[in-house]
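Here is the structure we will look at, set down as structure tokens.
Order of writing sets the labels: A, B, C and D. Residues in every chain begin at 1.
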Amino acid sequence: MGNNLLRGKKGIIFGALDEKSIAWKTALKCYDEGASIVLTNAPVALRMGEINKLAEAVKAPVIGADVTNMDDLKKLFEESMKHFGGGIDFVLHSIGMSLNMRKGKHYTEMDYGFNQKTLDISAMSLHRVLRTAWDMDAINEWGSVVALTYIAAQRVFPDYNEMADAKALLESVTRSFGYHYALKKKVRVNTVSQSPTRTTAGSGVKGFDGFIDYAEKMSPLGNASSDDCANYCVTLFSDYSRMVTMQNLFHDGGFSFTGVSEPVVKQMEK
Amino acid sequence: MGNNLLRGKKGIIFGALDEKSIAWKTALKCYDEGASIVLTNAPVALRMGEINKLAEAVKAPVIGADVTNMDDLKKLFEESMKHFGGGIDFVLHSIGMSLNMRKGKHYTEMDYGFNQKTLDISAMSLHRVLRTAWDMDAINEWGSVVALTYIAAQRVFPDYNEMADAKALLESVTRSFGYHYALKKKVRVNTVSQSPTRTTAGSGVKGFDGFIDYAEKMSPLGNASSDDCANYCVTLFSDYSRMVTMQNLFHDGGFSFTGVSEPVVKQMEK
Amino acid sequence: MGNNLLRGKKGIIFGALDEKSIAWKTALKCYDEGASIVLTNAPVALRMGEINKLAEAVKAPVIGADVTNMDDLKKLFEESMKHFGGGIDFVLHSIGMSLNMRKGKHYTEMDYGFNQKTLDISAMSLHRVLRTAWDMDAINEWGSVVALTYIAAQRVFPDYNEMADAKALLESVTRSFGYHYALKKKVRVNTVSQSPTRTTAGSGVKGFDGFIDYAEKMSPLGNASSDDCANYCVTLFSDYSRMVTMQNLFHDGGFSFTGVSEPVVKQMEK
Amino acid sequence: MGNNLLRGKKGIIFGALDEKSIAWKTALKCYDEGASIVLTNAPVALRMGEINKLAEAVKAPVIGADVTNMDDLKKLFEESMKHFGGGIDFVLHSIGMSLNMRKGKHYTEMDYGFNQKTLDISAMSLHRVLRTAWDMDAINEWGSVVALTYIAAQRVFPDYNEMADAKALLESVTRSFGYHYALKKKVRVNTVSQSPTRTTAGSGVKGFDGFIDYAEKMSPLGNASSDDCANYCVTLFSDYSRMVTMQNLFHDGGFSFTGVSEPVVKQMEK
């Protein structure tokens, strides 16, 4: 496509690790639609990933930032505004990390110190980003912030472990801060609840392959891909969705409102 | 704007009564975005309204159809496909009518014959439209159907009367038929739950003015206008939202997830 | 058990067809808890069923009533109040019938005349019952009305067909009328969304056995039985739940908030 | 009342500060219904409160425990089981504390260190309690755990500040742990979402009086009292609700499903 939907808009994209990342696809897509981009990720992720390839493709600077560090975030916004010569129009928050999952700890035997870090990185980081922007008045009127989430915030998917709780917290921060930012400056904040996606991060989840097949069978349109998600994010960053805020938007091929599908019933009869 | 988001797409718009109608604004907007349009409404509405003005503006034929009459709907789709020289890409269902409200009957004293007509016109009409298209295979792959609804389907707004029940039924039909149409032909079906809007239809609701002010005060971004709604519908008709189906999407400036707002609390203290 | 939870209370139970009915179990349980009962069902169901056995067990008169007939309902309430020597404290609405399912018609090829009857019998009947009571002032202050529903009102279960829409309508009537009856006389109205249950009615659903196994595997506590449901209804009729109204209460062993369970994932891998 | 609903059951009640506490009322009510009780609270709260008066009334030992300290929780369960001579049947979690609110910090200017403590005390404490019981196998089969929450977890009430996020997290923990505990030992875990209540804790919220009046006007049955809530908790601890788990149950006089009420509309017109 490429319809200049984001012509002249300026955005910060968090979380593009490699080509499989939703954030990566979203950066490409936003660029195609006429946006200027700043890319950011945790310093450690920058070292591991291949972000320079993306940076070149979308002509974006890469600015490292630890989302649990307010000074890093301040610097990120300062440098971004300097780069853009003005305020920010959109932000993609695609950040999540579970220490307990990495360490193979079951939900019922979590380490509470790890959990605190998981909540900080995966959920409260959205508050930190918004609050940094708020304090600096960095987001333009009618700006749009999207955070990626997962339906485990509403229903239990056992292997999703503590990330379910982190996503529930993230969605609550979205509503709470969204209220204030709408009143103050007509900035909207939403989450997109995406199908399970074979990203490098997603693949870390135990039993992920079996699960992604289940979701595929349960979704009348099939699972949404990263590319689909990038397209959807573009509409949310555009001026076509100005009055949508404080929402959790399912982008999942119909999974969320399907109780059971015929293919799953057939599989159960085996 | 006008970004050719719907370039080459063909759509049927139900329910454009006059300039204040959401359907009217949506027709204009879709045309701006490159779509070809067929306009339709009930024969009686065609006589009352000023639809020819719109028809001229968007270069669309007007085809009358009573949505409770399967022959009318069949004829509508046949003539539309003939006009377009092919299948339909999108449909807007903006249809609602409450006989009990018109007759001033309170919810607790409704006439059940009227109610049956209200449900047929306002909700089952979506089933009739989809089923007509289904039988004729009239909607193209990845087509998109949007029906307008209201949050009274989730929570009670006393003056909204039996229309609350009709909208709940409409949203259920959206999910049920959406499931089957996604499986069969990747057609998606969604509802948009719009802020109260000062249309000619909306104004008929008792206590509407007091209520629209309440909604304005409760929505951090204010009430969404018809123009805003038209823009949002464009994104749902476009290829940017292909994996969204069976959803009820609030387009309401944040009303739906605001429990109470500061302006309302202040008003309560008076 | 039997703790006199409903001591002195008077209730009308709709829909006890045979021993497998939830309404049958609920009548027994309410009687055990000290309530006086009137049993009612459609005249045709009275002929088919074995209700006299139940009537004897709970010392209740049986009064036939077609729930789509206002005269029948008026007579039912009049005779019940005469029998009780006073007003009604609780009502169980366990009524549902799909003509399209009986005739084997798929959701996408429904007969609209049948559908209208399905909605009238399965959903608007609750309005008719409440409105009859309202007009006669037949329900005592703090009375409690419960209607049985199913999660297909929220998510699609394809074989549930048009009953999904009927249940969505039923739940909306519950909220709408519940609002007015709470204001007028502190009467509460709720739905209970029960696990799939092997009743004579439930068994009519195509693919029911496969589905009931799926629900069993997806519910961390397993499917709730009719007896469990009867117990839960007792709490809702009792004075312990006076401030609960306009709610849809899931009684399903955790099914509603389970996205996927380990047993289902295992089955998917076969 | 007092119907021996909890005859022979043994429960731990967290959070009874003074006579206005919901936990206080619930302890009294459970005792009336035949239960044996252990009372617990944070050491500092024990010093401030009048818990000994309650302890005498319900013949319960008082065992101090800091809910963020696993050793304290272990000791609490050990001593409770010793006191009861066996396992636990029910637990009430009525715990919440916001450091940012105490310090008068607006949501957009929160201290993240305080926030971390708020989440730990108000939400993750439920995980800690359940996990302690899980590790010690301290809760009997079909045991019941209830945590008190508030509708700010679903919609924004601006003055509720970071507690909204804490309650969203609490409700997610309820679902997540509830899944596992149901599978392991048929223990159910639910939250009760109560009307705003004039407790000593509740009164700390800014603008609480104005808000409680709004809730009263918006709830068709009025606000639910602490006594009402205690009654409702009894049903959830009893064997009448065995198949209810992983739910958030609104106990609020209908507030949650009322979009607007006539009294509020009238007030808006002033």
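Operating definition for what follows: a residue touches a chain if its C-beta (ideal position, glycine included) is under 8 Å from a C-beta of that chain, and two chains touch if they have at least 3 such contacts.
Fair warning: this is a prediction, and the values are worked out from it, not measured in the lab.
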At the chain C/chain D interface, shared numbers over all numbers used: above half (same) or below half (different)? same
Relative to chain B, which chain has the most distant C-alpha mean position? D
I'd like the Å distance between the centres of chain A and chain D, where a centre is the mean of that chain's Cα atoms. 32
Inter-chain centre distance, chain B versus chain D - centres from mean C-alpha coordinates, in Å: 42
Where does chain A touch two or more other chains at once, residue-wise? 155-156, 158, 175, 178-180, 246, 256-258, 261-262
In the complex of these two chains, what residues of chain C are touching chain B? 70, 107-110, 112, 115-116, 119-120, 124, 127-128, 131, 134, 153, 155-156, 158, 162, 164-165, 167-169, 171-173, 175-180, 246
In the complex formed with chain B, which residues of chain A make contact? 1, 3-5, 175, 178-180, 182-183, 186, 188, 195, 220-221, 224-225, 228-229, 231-232, 234-235, 238-247, 249-254, 256-258, 261-262
Any idea which chain D residues touch chain B in the complex? 151-152, 154-159, 207, 210-211, 213-214, 217, 256-262, 264-265, 267-270
